[in-house]
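Shared chain: chain A. Partners: chain B in the first complex, chain C in the second.
On to the complex of A and B.
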């Protein structure tokens, strides 16, 4: 009884938080979205003088935009696939095997995120320079792989650890080989959480900017890198705004996909929740 | 059809704990043997070794004469039912049962026929398309049993299968499982720490303690003629009284009774149903502490003169009140010394009641 009374009371703190969050997150998005579909918007008018798709036509007519979109997608797919191929077996090993230095290695994946990233990137760039990887596609792949390690190791490790060992034993008991158990029981059980990790690393790679810029520029230009140069070098706001809206598309698709495969429970489990 | 032999099997874990110590057991064809013991007695480890999930440190296990000691679980003719059910939640009931048959490359129409047949057997006909997460605990346990039975294993292994179920369901399921087991005549090894389960289901009970066998016998023999004080105290309710025998008479706190063994300390074991109580105001051996009325009979907790507690079963509990003095006569006793039985009077006809047997 008491609980229902409490829950019916207006939660002012919650409303204030929601309002502030909405203001901080949604407002800039609305402004950028408006700019992307604006032909003319001069101070001090609150709404644009003229809406239109002029700058979409101009932006999409540029060859560098299209090549950067294809570069970004190719990079994101390559990095995610490589990361999955390397990290998932490693995560399984971390979750199930005990070997010397296991914990040290496990926590080493945090190191990439424990220090200021740009310093780390500059140091890596120095090494890549000697290896002639600067300005190459595979150089960018390597640097972005580093960024995905944390997600692609830690979340799948938690997912594999959450799989009931008795389920695997029951599968052995009815005649499944260890590999078949992994394929038919362990992977499907850990599947939704691993899908979440793959999704996160795909989206993360797609938006990754510093590494791509430092290692790839000017030969390899991803969409975010192109957007930065547009914002820095062009006096026209709309170019940046149009690219922002374009960049938003993959994460939107990813989110829709995420809603289908990932229920909140398994997602939380991935983070050890 | 199938005989399981376990010979001198030991299991020492890497940390040095001896879970099972030179254990031997033969399970006859179609027999249901219960491994009964407290936590840590090694019964589950033993069952997991038979299933192939643990490797014995030494010893030999055979099924129908074939050595299975080092055979991986997927190649053993054993079927295990786990305490946690361990159903695959990403498959429906039908797929859970069909998985093992598919691995054996059984044709689809035969899979369908066999799965439906076994589901009928466990009382879940028509449940094939249900998700296992939609089932109740008892239904899940039936699916787990069906998943093992559908493969027609030579040996069925049950690892505390009813531990997660409530009392009523447990009693019903154990009758069902016993029925199915006897109908299929399947050789079964059953692990439990519940003595009621062991007494009601088993053809023979193996009482285990610290990885070793304390006693292997029929349930009624284990109950009436326990070979060690441990078994005496573990199965059913038992009064275990430490005392001294001198000149063939056992004495304890003013109470004495003839026990014709050599002089020395003994542990006297008396079932509550073998204690006759009489209300007495003078020369009492002790006094009533508490009276519990179970409807069919009563149980009197009494205190001897030195404070030793005993239980006595009485037909008319209303005759006794707390604080009242009583004299006692023992109709049947067993005496233990150095962990072995050294004397036993005639066996008492048990008027036991489930309430006394339940843990």
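On to the complex of A and C.
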């Protein structure tokens, strides 16, 4: 690149940024990771007295941990499946069909993003109160489903629009049925982006804390909700640390797959940048 | 075959103009209408009317006048405004230099810095809260390290107003950096070179060439941060003081513990009111980008 404000020789600015960010962003997580593999760590020792897996056994022996893992996974699968079932056909329609109000309806999915999120959740909870959905599994499903709509429609619309139309028309010309064209031409091309959208909505739902806490707790206890109660009431530090490491797994998977998407400029533009 | 001009969405062939598209989009659209638009309208109606003695209803701003005359509600509101303001300012101070560095550097270190700046996006805020307490909380790692070199303990920010500030800034770094970086893509290398050729210093370059070109991105980044921070729940609930509390935990407690849903919804409408300018600006920018 021709214009560099930072000199090429030794990138001191970069080294300072890298050092500070490592300290501020990586170090706290390393501390949590260390706690998870610690049997004994008493104040004021700088390093743990004894490393080990004792608390993994104890944490994984707790019934509340397993029930929240299964609640979280059931919720995330249900919400993602429902979201895919209603959003993907809609995305196809927005990308390929013309109908009255197409643009207005397309942008209506932004409506929720003009309001502070928790305020909106409280307003929704007001509606759920009259419908007796507070403290129920389906109440949490509904509130998390609303949170996935924008991504599950906008990203697949872009994917369907990027499919090469000439290939579809060529297939139609040699007599392929519309379904066959969709299955053999459209879906394979749009597939990877749609899979990324599905993965993002699964991970997003798995970590969704505010709706689950406001609508579901204490009856519906997801992993993040259990983690809040560990932080507030659990004197054994290692339980929280082990749970943090377990909780991070889906995010790590998303990190492996979504890094390219996030680093691309189109992602930031999707947020209005 | 003619092409219908349908505005922001790419045009489609008109011979497909059939309303059955409406059927395919009906479910998600109805869901937005039922669970986003209706709750907002209903919240405003519910809090602006009271049932009169004869069974009718009349406009009354009673719940709002209670909110704005109640000392506790007001101190929660001002704490929220303070936190949001401090976070937005800190985010700019932290993220603008990072974004500027990433835009104008091509060294190997830059890739690492970018990876780190985006990393918090993949750390759920609940894990962040736990890490915060372990590092900056009482007898946390910072205390351990200070103690080992014979220095006194820090005054821990845990359970003080600075707790949520630190957590929220950490959490919002990735998107702020990405939005600013995307804006800096509009600053051409030629304009920077040209300004340097006529002898502009670094500060003049920043002030006269770069900032005017990214002012819109800065506003978008701030709007996004304000919308997220103003009604943040998890981080203030875990890291913040019990009283005064931010609007997020305040609404949650009013709704679930005090069971005063009307009061909680009033508080929600108040947060809508304070954020409406940022919300509309943000949504307009996103829509404009998508349409382009």
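Here is the rule we use: the second predicted complex is superposed on the first by the 224 of 273 C-alpha atoms of A that agree within 3 Å, B and C clash if a C-alpha of one lies under 4 Å from a C-alpha of the other, contacts with A are read in each partner's own complex, and residues count from 1 in each chain.
In this section, a contact is a pair of C-beta atoms (placed from the backbone, for glycine too) under 8 Å apart; a residue touches a chain by one contact, two chains touch by 3 or more.
None of the values given here were measured: they were computed from a predicted structure.
In the overlay built on the shared chain, the residue A:177 is in contact with chain B alone; chain C does not reach it.
Residue contacts after overlaying the shared chain place A:169 against chain B, while chain C stays out of touching range.
Of the two partner chains placed by superposition, A:235 touches none, neither chain B nor chain C. When the two complexes are overlaid on their common chain A, residue A:14 makes contact with chain C while staying clear of chain B. Once the two complexes are laid over each other on the shared chain, residue contacts for A:106 go to chain C alone; chain B is not touched.
Of the two partner chains placed by superposition, only chain C is touched by A:25; chain B is not.
In the superposed three-chain model, the partner touching more residues of chain A is C, compared with the other of chain B and chain C. When both complexes are aligned on chain A by C-alpha atoms, no chain A residue touches chain B in the first and chain C in the second. Note for the complex: chain A touches chain C at residues 1-6, 8, 11, 13-15, 17-18, 21-22, 24-29, 31-32, 35, 43-46, 86-87, 89-90, 92-103, 105-120, 122-127, 129, 142-143, 145-146, 149, 153-154, 157, 161, 207, 209-210, 213-214, 217, 224, 227-228, 231-232, 237, 240-241, 244, 247-248, 251-252, 254-255, 259, 262-263, 265, 267-273. Residue ranges of chain A in contact with chain B, taken from their complex: 164, 166-167, 169-177, 180, 184-185, 188-189, 191.
For chain B in complex with chain A, the touching residues are 51-53, 72-75, 78-80, 82, 84, 86-90, 99-100, 103-104, 144, 147-148, 151. Of all residues in chain C, those touching chain A in their complex are 4, 6-10, 12, 14, 16-22, 24-25, 27-29, 31-33, 35-40, 42-43, 46, 97-98, 100-101, 104-110, 112-114, 116-135, 139, 141, 144-145, 147-148, 170, 173, 175, 178-183, 185, 189-190, 192-193, 196, 202, 205, 217, 220-221, 223-224, 227-228, 230-234, 237-238, 247-248, 251-252, 255-256, 261, 264-265, 267-269, 271-272, 275-276, 279-280, 282-283, 285-287, 289-290.
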